[in-house]
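Next come two complexes, and both contain chain A; in the first it sits with chain B, in the second with chain C.
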Partner chain A sequence: MNQFTLEARHKSVLIGAVILGVLCLGLTFLFYDDELHSRFWSNYLHNTVFFTGIAFVSLFVLAAFTTAYAGWHTVFKRIWEAYAFFLIPGLVLFLVIIAGIWGHFHHLYHWTNEADVATDRIMLGKSGFLNKYWYTFGTIIIMGTWIFFANKLRSISVEEDLHGTTDYAFHRRIRRWSAAFLPIAGFTSAALIWQWVMSVDAHWYSTLFAWYATASWFVAAMALTIMTLIFLKSRGYYQNVTDEHLHDLGKYMFAFSVFWTYLWFSQYMLIWYGNNGEETIYFRTRLDEYRVLFFGNLLLNFATPFLVLMRNDTKRKFGTLVFASVICFFGHWWDFFLMIKPGVLHTTHEALAHGAEAAADAAHHGGFTAGFTIPGLLEVGTMLGFLGGFLWFALSRLEKAPLTPSNDPYIEESLHHHV
Partner chain B sequence: MSAANTEVLYGLYDDEEILLEAVKKAKEDHLEIMDVFTPFPVHGLDPILGLEESRLHIAGFIYGAIGTLTAFLFMTWVFTRDWPIIFGGKPYFSAPAFIPITFEVTVLMASVGMVVTFYTICGMAPGVTNATLDDRITDDKFCIAFNTNGASSDVLDKLKGFFSSTGASEVNSKTI
Partner chain C sequence: MSAVVSPIREPLIQGGKSYHQITEDIVSPTEKTPSTAWVIAFIIAVTGLAFYVFCVAWTVWVGIGSWDLNRTIGWGWDITNFVWWVGIGHAGTLISAILLLFRQKWRTGVNRAAEAMTIFAVMCAGQFPLIHMGRLWLGFFIFPYPNTRGPLWVNFNSPLLWDVFAISTYFTVSLLFWYTGLVPDFATVRDRAKGLRRKIYNFVSFGWTGSAKHWQRWESLSLILAGLATPLVLSVHTIVSFDFATSVIPGWHTTIFPPYFVAGAIFSGFAMVQTLMLITRKILKLEQYITIGHIESMNKVILLTGTIVGVAYLTELFIAWYSGYIYEQFAFYNRVLGPYWWSYVGMMSCNVLSPQIFWWKKFRRSIFVTFVMSIFVNIGMWFERFVIIATTLARDYLPSSWSYYTPTWVEIGLFVGTLGLFFTLYLIFTRVAPVVAVAEIKAILKSAGDQYTGPNAHGHGHHVGHKKDIPAGGTVDIDDPETGQSTDH
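Take a look at the complex of A and B:
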């Protein structure tokens, strides 16, 4: 079965998830929110960033593996080609946030408040980058570039199926586009992460934050790939994807979980050692008011994958692999929650209190805030909605081409992959 | 590896594909292979030979855990009990500052421990020479060896027949 068709039953499950997500967002907006709707908007931003990032990483690994002459993934590379197309709905989702910045619908970013920026030296100094023009055109141009490359890699790959010959001209074209994408991906992803996520804490900065967030996306993308592949195998597709391929995907998930921890710790330790007030406040807030999130983050994203996936055989058995994938996927969603929510809550308190001192007071004695202190049911429902939408979109793309490419020079190597 | 004075009959093959087929054939014929020597790891050989997974990595985990505890507890003892010094206004017990060294000692203990364990199991050490069947098995030949201690001429003929039928380029015997 080299041609995937999304069964009606599964399609209705995915559509049901989307409806659940919309319902949760609506309920959040109408009944469970403050007057600025910061819970609604931060949930929206959180999930948009998370799933757009998974699409970006899918495109990035395709380009990186092709450039590195890797062949093992070729048998299922259509999955990543399909994931990468979520960049298009991702851009649409971001346009809503951009519209919100121009129309002042939301207070996600403190730097969008022009009156505050004018009197704040730090935000004034950053205003060359943190302004609505950069946010708007940066997002549109950079995501447009990513979509262009996703489209290129996909269309040449599909064309190769039909017209590919043994001179591998199509593969060489894919290779050139992939190599060109890598440096672009490196710089642009950092720029967008600064804008989308780091600028939520407008006074704060960390130089390795972009790598940290990308590593988080990477693990989540690997976890989702493993779960999708195992699901498709259980439906009779991808019988040519063996334990060997899943073993390598498991290794990627394990290795990048450790890499994520390395970056997490490096960021923490340098700020802790430097003891510079405007930097340490970021962790002070998280340690004082988000203890469960902060230490849960390490438990989910480091301790669990490290101990579960360390052994050889746990990366080859579906049960343990799916367990670790679910934990990692949820864990990195949790990680982005922790990156975004405290900053938004602080900005909201400041905006509501109309004064810096009252805001500081409110922010430090806020106690439990629903939807911010830990993810609630509405947050999980919203995530399931976005996940359903992501998979619906990706699996619909997967239907449009054979599951395993033919005429790719590495297909034989991939079919006989052996760890 | 083996005890002294073992008579060995061994066949050399030119290619790993022929070797794999020969090992399969030997298993089918219930011939007891003493060992197989190859110049590089041959994919798929271990399952055919029925070798168990190495337990070296379990030892590695234990060495690593010992390293973690040693480094972390030692630094904790030094900086809280034995010789407390304030660095940069930090508390005596500053866990984040201990992590890099803990990590390094973990890696060091695990890697050195595994190397020493591996060398001990394989009977290798500086200055130790091990008998080799043929120098070319470290270069370009693939070898199947049978232990022929006290074997009858029937058995020897059967083994030689096996080598010629599976395409061995050379058959030799040696006492090691």
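Take a look at the complex of A and C:
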């Protein structure tokens, strides 16, 4: 079974999930939102960033592994090729946010409010970067470049299946494009993360932030890859993907969960120790008003994968591996929730409050806000909708080529992979 | 490890070596009279070491006043050298532990010497904080223990104390790791030796007999130490970066420091490994074990980490502007265009721009270019620490205390002297221990020896060709023959 077909039953489940997501977004917008619809828009931004990031990391991993002469992943590399194509719907989703910035439909970013920027010295200083032109053209040009590379790596790989010979000319081309992508990815991903996520807290800054967010995407992408592979195996596909491959994927999920924690700690500890008001406000808000999210983040993304995946055998048993993957996937979605929501809520309160005193009050509102303080059912439903859409799109791409590539110079190594 | 080897992988051991030939090649340098080149090198190194001892004595006798430190520049060459040496001490354990976990077989050619280098570099690094104390004989005050000095405890809140723990732990685990690897090789040396030499090597190899049980325990211990060493590689330079980043000094207090210091450390460590390996392989005639392929792989690591460091430099510059914090903005303006602009230029050109030539395969595989580049990177990484330390301290919050720092002959002598210490230790190492891991090289012979894989393979290799038209074990060179350029740029 080297040719995947998405069964009608599964397709309807995925479409059902998308409908659920749209329904949740609609309900949020109509009934459970403030007058600026910030819950709706922040849910939309949160999931768009999260799933676009998974697609980006899939492309990045593919390029990095190829450049590093890795062979073991070759047997299932089509999964990552397929994931990377979600960059196209990702860009479309971002176009809606961009349209919102130009048309003032939403108040996700404080820096889009020209009146406030004019009177705010800090935001005025940043306006050379935080402006709608950079956001629009940065997103379109950079994501366009990523899509170009995703398309290159995929199309050469498919061509190699058909016409590959033992001079490995196709692999040579894949390697060139892969190596060229790495520095581009390194520089551009940071620029987009600053725009998309960090600028939600328009005053705040941290040099580590882009790497931190990328590590979060990375773990989520590994978790989703493991879950997809195990599902496909249960349907009779990918019988050549063995415990050995899953063990290695499990190691990546474990290692990068620890790496994520390392970055989390470095960022938190240095800001705590430096005790600069401009910086600590970020964590002060999260500790005071988002306590469940803050500690839950560490529980889900560090403690659980660390304890569950520490042993050798838990990375080889489907039960524990799927458990850890579900937690990590949800955990990093939760992490992005915590990166985005507090800033948006703060901006919303300031926009809704009238007069300086009310704004100061609003900044320290405390209390519970549905859809912000912790994710509610509508948020989970929206996430399932995006997940359904992601998988639907990726699995449809997976149908278009054989599951395991042929004529790749590493395919025999991968088929005989042994940890 | 897979016995199936892709046809595009280069063999890692050349010359159709047999197991016996491997032992002969690697162990014999420890058995012969040293060559003239070695003796000359050793004399130079020991002279450097003697100069080091002299400068330390001078510092202790005259006092820290013999350095050019002043009221705002409390750290100068001393801490620059400290961070530089600690950074260099990162490659060895990275190669042994992390590349082991990543199943990179090429590590076996260079891991032994790189680990030795790590240990010697950390020893050099440890000198500077001690000398900086001025009263060297009170160095034990850094350890927290119940003492007779009243309630005088070390400051647990200080990252400088965390450094003591991080570096001593790292040193201990690296030493154990290195020594564990040496045990079976010492036994190999012993088996060929006679008389007192035999007794000594028998003692240092713990009476190794090579029984199955010995190997089993040896492998378990190696894996445990690799697991312990992996977080340590990250922790050491992370904590060194905390020395700066926990402060509220503009240019130092930045959250990207921990991972960026680690990347920079790996970068400089690999550069030093290249410098040493290029000389060692030539003098000890180990070109068939430390091949051009090994050198190329290390150059790729240098290109990668150099570019990561470049991303970090630009991130710092950008966020300094973005922060809207005028002191941070000034600190970076001062770094690039202030009185020490030349050190910033040195850092950028040696660390970020020059390694970019390694995009070309021709340069990655050129011994000459690699050697020159390895020196460049070492200079560049020294400048990086100097830029961070001196340029920032020379322009603090009070313009009235702004100053300019230049080292005295004592400070320069201490730096040059630690090079003497380092090379003395390294040269002794090449005389007493096999500089390539004999047992580990033998373990990969059947999957990476050129009689089993690659163009010279006899066709009885373990490689499974998936097309009828490549002979079993054949290697396909997928590089462009005309330009000599790599397939991967």
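Everything below uses one rule, namely that the second predicted complex is superposed on the first by the 414 of 419 C-alpha atoms of A that agree within 3 Å, B and C clash if a C-alpha of one lies under 4 Å from a C-alpha of the other, contacts with A are read in each partner's own complex, and residues count from 1 in each chain.
By definition in this document, contacts are C-beta pairs under 8 Å (C-beta built on N, C-alpha and C of every residue); 3 or more make two chains touch, one makes a residue touch a chain.
Only a predicted model underlies this, so the values are computations on that prediction, with no experimental measurement involved.
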Three-chain arrangement built on chain A, chain B and chain C clash or fit: clash
Contacts for A:367 in the overlay, against chain B (first) and chain C (second): which applies, first, second, both or neither? neither
In the superposed arrangement, which partner chain does A:236 touch: chain B (first), chain C (second), both, or neither? neither
Who wins on chain A residues touched, chain B or chain C? C
Identify the partner contact of A:319: answer first if only chain B is touched, second if only chain C is, both if each is, neither if none is. neither
Once chain A of both complexes is superposed, is A:418 in touch with chain B (first), chain C (second), both, or neither? both
Can A:273 be said to touch chain B (first), chain C (second), both, or neither? both
So, does A:103 touch the first partner chain B, the second partner chain C, both, or neither? neither
Looking at the overlay, what does A:310 touch: chain B (first), chain C (second), both, or neither? first
Superposing the two structures on chain A, identify the stretch of chain C from 7-15, 61-69, 205-213 or 367-375 that clashes with chain B. 205-213
Considering each complex separately, which residues of chain A are in contact with chain B in the first and with chain C in the second? 269, 273, 275, 418
With touch defined as at the start, can you tell me which chain A residues reach chain B in the complex? 265, 268-269, 272-273, 275, 310-313, 418
In the complex formed with chain A, which residues of chain C make contact? 1-9, 101, 103, 231, 234, 238, 242, 245-248, 253-259, 300, 304, 307-308, 311-312, 314-316, 319, 322-325, 359, 464-467, 469-470, 476, 478-480, 487-489
Under the touch definition given earlier, write down the residues of chain A that touch chain C in their complex. 66-67, 69, 71, 121-122, 125-126, 129, 165-169, 171-172, 175-176, 178-180, 182-183, 186-187, 190, 194, 203, 205-211, 251, 258, 262-263, 266-267, 269-271, 273-276, 278, 409-413, 415-419
Which of the residues in chain B end up touching chain A in this complex? 43-44, 53, 57, 61, 88-90, 96-97, 99-100
